[in-house]
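All chains are identified by letter, namely A, B, C and D, in their written order; residue positions are counted from 1 within each chain.
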Amino acid sequence: MTPRFDYHPPDFTAPPLSGAPDARFEPAPAPGVLPDGFFSTTNLPTYVKVQGVWRRPRFPRMDCVIVQDASGALAVTEPRKVAAGGLVALGASEDGSGGIYVHVEGFLGGSRSANEFRFMQAEVSRERPVDYTLLAELLGEEKRRGGKIVWVVGPALVHARARQDMMWFIRNGYVGALLGGNAVAVHDLEAAIFGTTLGMSSSGEGVAGGHALHMRAINAIRRAGSVAAAVRSGLVTEGIMHALVTHDVPFVLAGSIRDDGPLPDVVTDSQAAQDAMRAHTTQATFAVFVATALHAIAVGNMLPAFVDPADGADLRPLTTICVDQTEFVVTKLRDRGTHQAYGVVTNAQDFMHVLRFYVERWEQARTPASVGH
Amino acid sequence: MTPRFDYHPPDFTAPPLSGAPDARFEPAPAPGVLPDGFFSTTNLPTYVKVQGVWRRPRFPRMDCVIVQDASGALAVTEPRKVAAGGLVALGASEDGSGGIYVHVEGFLGGSRSANEFRFMQAEVSRERPVDYTLLAELLGEEKRRGGKIVWVVGPALVHARARQDMMWFIRNGYVGALLGGNAVAVHDLEAAIFGTTLGMSSSGEGVAGGHALHMRAINAIRRAGSVAAAVRSGLVTEGIMHALVTHDVPFVLAGSIRDDGPLPDVVTDSQAAQDAMRAHTTQATFAVFVATALHAIAVGNMLPAFVDPADGADLRPLTTICVDQTEFVVTKLRDRGTHQAYGVVTNAQDFMHVLRFYVERWEQARTPASVGH
Amino acid sequence: MTPRFDYHPPDFTAPPLSGAPDARFEPAPAPGVLPDGFFSTTNLPTYVKVQGVWRRPRFPRMDCVIVQDASGALAVTEPRKVAAGGLVALGASEDGSGGIYVHVEGFLGGSRSANEFRFMQAEVSRERPVDYTLLAELLGEEKRRGGKIVWVVGPALVHARARQDMMWFIRNGYVGALLGGNAVAVHDLEAAIFGTTLGMSSSGEGVAGGHALHMRAINAIRRAGSVAAAVRSGLVTEGIMHALVTHDVPFVLAGSIRDDGPLPDVVTDSQAAQDAMRAHTTQATFAVFVATALHAIAVGNMLPAFVDPADGADLRPLTTICVDQTEFVVTKLRDRGTHQAYGVVTNAQDFMHVLRFYVERWEQARTPASVGH
Amino acid sequence: MTPRFDYHPPDFTAPPLSGAPDARFEPAPAPGVLPDGFFSTTNLPTYVKVQGVWRRPRFPRMDCVIVQDASGALAVTEPRKVAAGGLVALGASEDGSGGIYVHVEGFLGGSRSANEFRFMQAEVSRERPVDYTLLAELLGEEKRRGGKIVWVVGPALVHARARQDMMWFIRNGYVGALLGGNAVAVHDLEAAIFGTTLGMSSSGEGVAGGHALHMRAINAIRRAGSVAAAVRSGLVTEGIMHALVTHDVPFVLAGSIRDDGPLPDVVTDSQAAQDAMRAHTTQATFAVFVATALHAIAVGNMLPAFVDPADGADLRPLTTICVDQTEFVVTKLRDRGTHQAYGVVTNAQDFMHVLRFYVERWEQARTPASVGH
């Protein structure tokens, strides 16, 4: 975007444009109804060859058709305004081979080719379908090959009652390490001890005295000495932290400026916490980030874009799934260099629920039918 | 918020504060470990009765405890900084009955009561758990009582491949009318005819010539004359619009300034479209808005907050579920007067998937086991 | 929201409703044109007194009028559909005193009063006007009274070229302490040394080798030993950090898991960083949070809701301004107990620019014209 | 993203890599301090030539350095962990010419070149600086050359008290046509007649009976017959609509399903409204979209990407500025083909204020000093 712009029309005297045929036209079968194979316009400079001459139709815009009137003039026209019998240009190709040329390079830069105009180029959007079947397959195959799947999770995962699903993934071998902060563990432990998170019941209602319950949970764990000790003593009998301890899955809780407590397990020095996390990221073969901007960017910075298999096999991309409520975190992650991040723009609770459903289905499909006896 | 603020301390000479006991203190059992029943602070003016005198501790902040030092002075202290044996104030009540009084009215206005400090007051938030069990029960019961469930849907519902779930709800009697715009129908019909939406395959990949496919779908329907005619002729054999036609569920497609085409069924005059929609909203007993700001606000404006049962039963609220990717639309709906809207902040695709799952489960739970014969 | 709802109609036999007059009606002067003083409907249960009888009109919805037809029936009607001469109910009061009663309590809970239906109740919204005149006055008066204004800032403030404005506030005595993280200082120092932030020029273009420039800036400061040493040595000659050092404004940079470097000034232990920040928050009399979720929540947790003046004057609220691009951070801050936060939903760069403009204007208005002698 | 990935290492036997020199190393001058000119890593596969052999260092990640230990092994290391005297690889080039090669094509696809790793690639982000100086220059030059600047505005522009700024642009010749809906005009007229918008005063307070004021404003205009008639009759004496009428600037108000009223000027048929808008877009040479998703997409669809000057001058891009509170609308606009949109992610009120400030400054700079004699 600059006040100076130097437009060079295409060279119609050189191949392939010099050899292009005239564009074809066909009459509309009824008012506002187009002939099959109509050419659908873009908003870019467009040239149509008529009787050997390349012409630019008037009134360009996208999602219209090109109509030739009795005088031979060409106009970009809304389909609903085409009269019965109106001559409508035909074609699906934008490279001139059918007599119509869309001049993409002139406006979108030299790296684009013809037939470039398209919708939905942004790679991260709430409007893109999420291919849960593929995500489940990738996750399932990574588990089968014995990879190390690192999860990086924020407290919204616990708020949102996706705890059961996270526990399921831990118990079923899909979690090689869990990286997070004080808050995710505190909320999980408050839920384990008091049945609430930040004083809210699982159906979202506030409870009396609720605002202090996370402080009481922290105090109970501090008294026990550690999360593992609280599990061993029977204080904590379920939940994400309980599942990690009982399944020997390592976790790192990095301290932050906003921590209450913190829990005894928190690594309060940020450099020590980075070292503890990197001990896992150097081994990681797959990463899942759920609902955490701070830790997603932090771990994203630590992760290579690829896996270098120990067995000498070829490099492969290190699949990184990043789930957040808005496009912003995923885009930021890519902006900071984690180009391989596969963004899922949704609510953490729903993501966990649907992903587990698809992984369970993938597992069932892989299970050989029990042989009939 | 104003530069003038007139603070009136509580009247400690009048009941009930005049009769309050001294606050109780107990020593910390270990460094950074609190006695059970510690009082957890808020950020509001707080008074503690010690030896008959109400005092305000120094350094107020939330999520801390009140410690009395050797000189008798009170300080708000982070739990991790409490020494072993440090005297920590006890109590869960904030109304003075335990010797500690949090002065809420002074800062939050006269309408609040004691024990008011709490988290998560906002009623719409991505961090609130969604009670799908309750939503499914409400929807299921509405169907059983023969209510008219009006769905208002935006095109993201189709982009996001929740088509199958929407079709399930239509086929199973959960849809009394569908209100939307040209785009939701166009995307559904493009998917039915070409297998794409806006030129993207169901796994999110672009296809060649994809940008024109919605225009080709529109043209095909215009040629057929109407959506119903396209279903009858066999041009459209599946999808949301197909399900509506084959299950005799009425729909209204309101025109808008951004429509391509539009489809022959679109009511292009906005006043006529309002009338067509209101013919349904006056009969509505339940409403679900998914991924549409424009139509959600429009239909929200038309809906009463209550149902007036034809059988003379009592009025009841007209349950209105509003699903959107951000808090903004739901908050806006409430700001414009639809106070009863129950907000779900998530991705349309995931919402539909999870809701259907819970509704299916609710139905199964209602089905009497078939008796064995 | 629950399947059971117990509606109690108002008691029309008791005062004040028992003494209410009949509602008044007046004919519409032209088709679709209402008489002055028409009653505008809400979506709540509404009763109209006609010939001594309270009746509920059919087809309730908001933003309509109540029309009585020839048979005496009442219907809620869109204004555009009122015929010339149609009898339209009049009144602005919703408490029955004019013969029309809107039953608010029945639906919105007992704490609401009549005349309660209104728009724009949400206290934080991009659609609310920001009263910069008031913000400037509050900030200006706080400076005049010698208060301690604590700023908590995120790196977007530097990205967005609001550096010049932040420097202006520092130089002019509006900053008592600056609290932030490694990133805000790194971006500022990269700008001071290389003229870029994250490798982007001030007009938003990438520069060659830009991705490493923040690492080179960090290395230069590490070599110098501290930010202050880098200022003294002449390495850093302008910017936010430069202004802080040269104006003796204290700052705290708290470490986090995502830090590069970090700078030598960063307090890497999160507990030590909390202590360093709280040394400032206990003295704070005003707070401004700009573009930082992590630090805003952290410092919000540390701040009291009120100022306790050292001179024994009355308590007053501790004004807290929270600026963010979305409603989410501000709402979250309130959800966590910082009820006094005044939310401004906008871009950090624009906020700084406009706020400075208004503060400059406020200062000019306070300056007495120099008298000519 | 697919389970199959075929990695081909670079061909080190062919030029230019075959002729690359060994990488250079230099000792760190102090612990955690790097030599000048250190090579800063990316997360992509990276090869370093040592003694004639290309090797991949262990533990790849971004924002680190490559250190050779006593045994000759290479490891990617955080700068803070480099010992004094540690041998650190040097270089800024990633194409192998300095003995270090970052294999971009292997992971980011064939269209990328070396030295490709960079931050902030997303073209629309709240974190990108907005170059208001450039926007003001573009707008100013367009006015000087007599272009037609089309504004497309949403109601948030009026809510947010940017009315005065919009009026300034109209009065000073920066508005060739204004396209919008019923709401933006209704809010402006409510403000003109009652001093409120949606019942809120300009400082954001609700007023008694406020929820009906927009209905009363609509009724007053309907009684007058049109906006222009209301201006002529003295009913409307200021505001955006007043400025349009008194400066003979054409406007189009397109009807929508959510309109109250509507105003008599609204084109309620969406096809007629499209035609009315396109009559302006075919003449447009510049476009500004403020705070309107619906109309921005609609008009974006109608606009060509370029201007075809009537005087036969070369084509030039049709500058399109799109202002919204979130990245979503701008990204969506581009996703639908308006690639030339320049996105500004901010609050409408602040945008208008700052843009006007810069345009005023641009105008002053163009004004020749009045010659004093």
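Everything below uses one rule, namely that a residue touches a chain if its C-beta (ideal position, glycine included) is under 8 Å from a C-beta of that chain, and two chains touch if they have at least 3 such contacts.
Only a predicted model underlies this, so the values are computations on that prediction, with no experimental measurement involved.
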item	value
Most widely separated chain from chain C, with each centre as the mean of CA atoms	A
Of B-D and A-D, pair with higher C-beta contact tally	A-D
Cα-centroid distance, chain A relative to chain B, in whole angstrom	23
Chain centre separation in whole Å, for chain D relative to chain A (CA means)	22
CA centroid of chain B to CA centroid of chain D, Å	30
Per-residue multi-chain contacts in chain C, two or more chains	42, 63, 80, 117-120, 126-127, 134, 211, 260, 262, 271, 274, 301, 326, 337
Contact footprint of chain C on chain A as seen in their complex	181, 211, 254-260, 262, 266, 268-271, 273-274, 277, 293-295, 297-298, 301, 326, 337
Residue ranges of chain B touching chain A (in the complex, touch as defined)	29-30, 32-34, 38, 40, 42, 63, 79-80, 92, 115, 117-120, 126-131, 134, 156, 159-161, 198-200, 202-204, 206, 208-212, 215-216, 218-219, 222-223, 260-262, 325-326, 345-347, 349-351, 353-354, 357
Sites on chain D touched by chain A in the complex	1-3, 5-7, 9, 42-45, 56, 59-63, 78, 80, 106-108, 111, 117-122, 125-127, 134, 137-138, 141, 271, 274, 278, 281-282, 301-306, 308, 314-317, 319, 326-328, 331-332, 334-340, 342
